[in-house]
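Listed below are the structures to be examined.
Heads up, the next two complexes both have chain A, just with different partners, chain B and then chain C.
Take a look at the complex of A and B:
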């Protein structure tokens, strides 16, 4: 079983690496890069919210801080925004510390609401600190590299790193602790698990990689403003949607969800015109109502169901 | 010195009046959250739909917004009931890893409502013009806008009616029982799924009422819902989940602090004031204002 998974992963990685040989159109490359960015954000969110069960409605804060770290380096210090890839994730982690200190005092829906409020506070601060962030005018940079293939491979590397790091965290002792916190926090505490510490151990990498995605977004799209990168509906809530689409608490779920979200969005936009977001909303409702564990999650359940059926049959005979 | 006091008084009064109407919207949310324990991110969108119903009544049929709200309320009641019955109630029975699925469903509903309205009305900014929209009354040297005063009076009446409904009628008491303990309520013979349906409808109708009262004061566009979702969250948490009076007082506090923030800090930071209050309440007074009374 394990071997099969490894083979599948290698096949997936190879397919991703040779994909640009077949896909040449810049528009299609653009879609692939967007998918990668969303897959990184989704995978990071999944670590904190899917595995540890701390549903964050404020991941836009980390994304935005990462993006602005890169943008401000160029705006104020005339450095290459690529340095943002180093600074952005670190800044996001620094920002995550106070956010965690505040929000981890709360549980369940209250935690969700606190992160929502914190995310919005960040948006408003960046909107109003016009001297430092240029406010609603946003930051525009002139990208030094324009080749989409380059961005594709750079993003792919970051996604691989994110997936690997999350996979390792989830399959270590920390991962089991996180799941136990999700399933029953009181029981976890009574077994002597320092829950706040372990929640922070999920939050920090989550913020780190979301910040990385933000900094990469700044480099790739070359324009940001607070209403884009700190958006509640278009980032914080959309990432939840992406992961729920693909499958919460699964390794590949966020990536599948990101691919579906971007491709569906683009298809609807080109075919349906002004009604595209409406159709997207309808689809969201349908998927949540009929596939509550996302595509990867339902597949898992289906597989387990079939195995059980087989086992039951052989046992009967 | 005199001028400063007038400015202060005017800020306080208009803040309180506006806050009163916010609290009407928040009462709808607090009912829904209290009974169903879900975060309803579509609440602002329901407000927005209610505003558009009143807007259409006023624009196409010449019905005054304060009368149009009595058309918007039943329409939204029906919409709320349908959403609850055919969408949210279905999810309650399903198993999933994170209970936040329901929240996400409300996001989907919010998208559908917002974009559905956008399809019909475009993103244009709209407003209703009534003969009294820009009228003011004077209280000493302070001038106060007439729609604010009318809206506030209607809010007080609605709050009292809602209070009577929840405490004196059978249906109202069933709603409160379901909010306290759903299982116990079911054992007592209350049809919980019907109660949740009516509660959601009632919440939506209150949202429509609040929206209609705010219509003469705000520009109307499809995305205005987000604004009201955020405000009603703050008020709901401030007042204590499920508490109608908490929501009433929470609304006044939010209106007051926003208005003070806008006058004395800056227009841009006025929303930060509300959010910071929200966080402080979450951290230091998690039961909201209601827990202060009970102690």
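Take a look at the complex of A and C:
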């Protein structure tokens, strides 16, 4: 069983590595890079909100801080935005610390509302601190590298790192504790789990990798403004839809979700014109009705069902 | 030697005094029962001991160390486990994972935690359901899982909150048998229970409370025949007619 999973992972990795040999059109490469960025954000969000159950509506804060770390290095200090890949994730973690301290006092919907507000606070802050952030004008950089293949592989490496780190966290004591907190915080406390500490242990890596994605986005797209990178609908809410579609609290769900979401988004936009956003509304309804566990989640349930049937165990679920 | 002592503990919720100046000691290795009518403050006592509620006044000692100033998650670490009256299974985790979550308190290794959890699941006769999700279990098994999960944290003192409530007589008997085996394994137990038959058969000593105050304490037979206890359970009229 374990070997099969490892083989599948290697097969996927190989496929991802040789993909640029077959896909050459810049537009298609662009789509692939966007998928990678969204897979990183989704995987990060999934750690905090999927496994630990602390649903965040404010991940744009971490994404934007990562992106602006890279942008501001270039704008004010004339450093290469690539340094942002080091600074961005660290800054996002620093931002996450007070957010955790404030929001983790709250449970369930109240936590979600607090993060929603925090994301918006950052957007307004960056819009109005014009001396520091250039406000709504945004930051435009001249990228030193324009080869899309390069960005593809760089992004792929970061995604691999994110997936590996998340996998290792989830399949350790920390992972068991995070899921326990999600399932019942009082029961978790009664088992001696310091819940606030462990929520932070989910939040910090989540912010770190979201910040990494943000800094990478700045380098790749070369233009950011607060309404793009701190966007409530296009970042914070979108990441939730990506993970819901792919499968909450699954290893591959966010990546699968990102791929389908970006591809569908492009298809809807080219075929439906202005009505494309409508389709996402329909899609959300369909997911909730028919795939409440997301694609990877439903597959897992199906697999377990078959295993149990094979093992001949009696009794229903 | 008394392993646990509550000294003059009081809990007020606004104007309501749920637990009023209550004191008791629990000896190492005994099964100590707490009885009382609905709303008499039994579960509040547990919530005070496990630090889910802060005390209004009073002191709690465990192994001669004061514990009513510790944060809730530390209580389990020092050796006091608890179950909940309204069971709180980790619903989307299997029975094994539930118990492992408890076992992780004393180890960081997945292998060791799993091994420990399997032992405890066997001890609690839950082995048939090891890989079932907790949300699919019927109530008697959920209550048993609650105990198993708590045992995995290696408690020296276990607080059992209405472990037999809602069980039929046969299931109750199995639960009592399990509680006895836990005591025989060296765990001191404080148990809250409504069912007098259960309490009479299992407890070494019983504390009866009403309106948060002690009304009787002693051997089960003494407490059961105590006029104040009969009055609390059956009312003034019945107590007088006897």
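Basically, the second predicted complex is superposed on the first by the 312 of 317 C-alpha atoms of A that agree within 3 Å, B and C clash if a C-alpha of one lies under 4 Å from a C-alpha of the other, contacts with A are read in each partner's own complex, and residues count from 1 in each chain.
Operating definition for what follows: a contact is a pair of C-beta atoms (placed from the backbone, for glycine too) under 8 Å apart; a residue touches a chain by one contact, two chains touch by 3 or more.
From a predicted model like this one, the values you see are computed outputs, not experimental measurements.
By the touch criterion defined above, A:60 lies against neither chain B nor chain C after alignment on the C-alpha atoms of chain A. Legend: residue contacts after superposition of the two complexes on their common chain; A:118 is shown touching chain B, with no touch to chain C.
After overlaying the two complexes on the shared chain, residue contacts for A:171 are found with chain C alone; chain B is out of touch. Once the two complexes are laid over each other on the shared chain, residue contacts for A:180 go to chain C alone; chain B is not touched. Within the superposed three-chain model, A:33 lies out of touch with both chain B and chain C [touch as defined at top]. Touch criterion not met for A:242: it reaches neither chain B nor chain C. Set against each other, chain B and chain C differ in how many residues of chain A they touch, and the higher count belongs to B.
Contact with chain C, but none with chain B, is seen for A:195 once the two complexes are overlaid on the shared chain.
Look at A:109: by the touch rule set out above, it reaches chain B but stays clear of chain C. Those residues of chain B lying in contact with chain A across their complex are 37-39, 41, 87, 90-91, 94-101, 103-105, 107-112, 114-116, 118-119, 226, 230, 233-234, 237, 266, 268-269, 271-272, 275-276, 278-279, 282-283, 286. Of all residues in chain A, those touching chain B in their complex are 49-50, 53, 55, 102, 105-106, 108-110, 112-114, 116-118, 120-121, 124-125, 127-128, 232-233, 237, 240-241, 244, 248-249, 274-275, 277-278, 280-282, 284-285, 288-289, 292-293, 297.
Here chain C touches chain A in the complex through residues 50, 52, 71-77, 81-82, 84, 88-93, 97, 100-102, 104-105, 108-110, 113, 132-133, 136, 149-150, 152-153, going by the rule given at the top. Within the complex formed with chain C, the chain A residues making contact are 171-173, 176-177, 179-180, 183-184, 186-195, 315-317.
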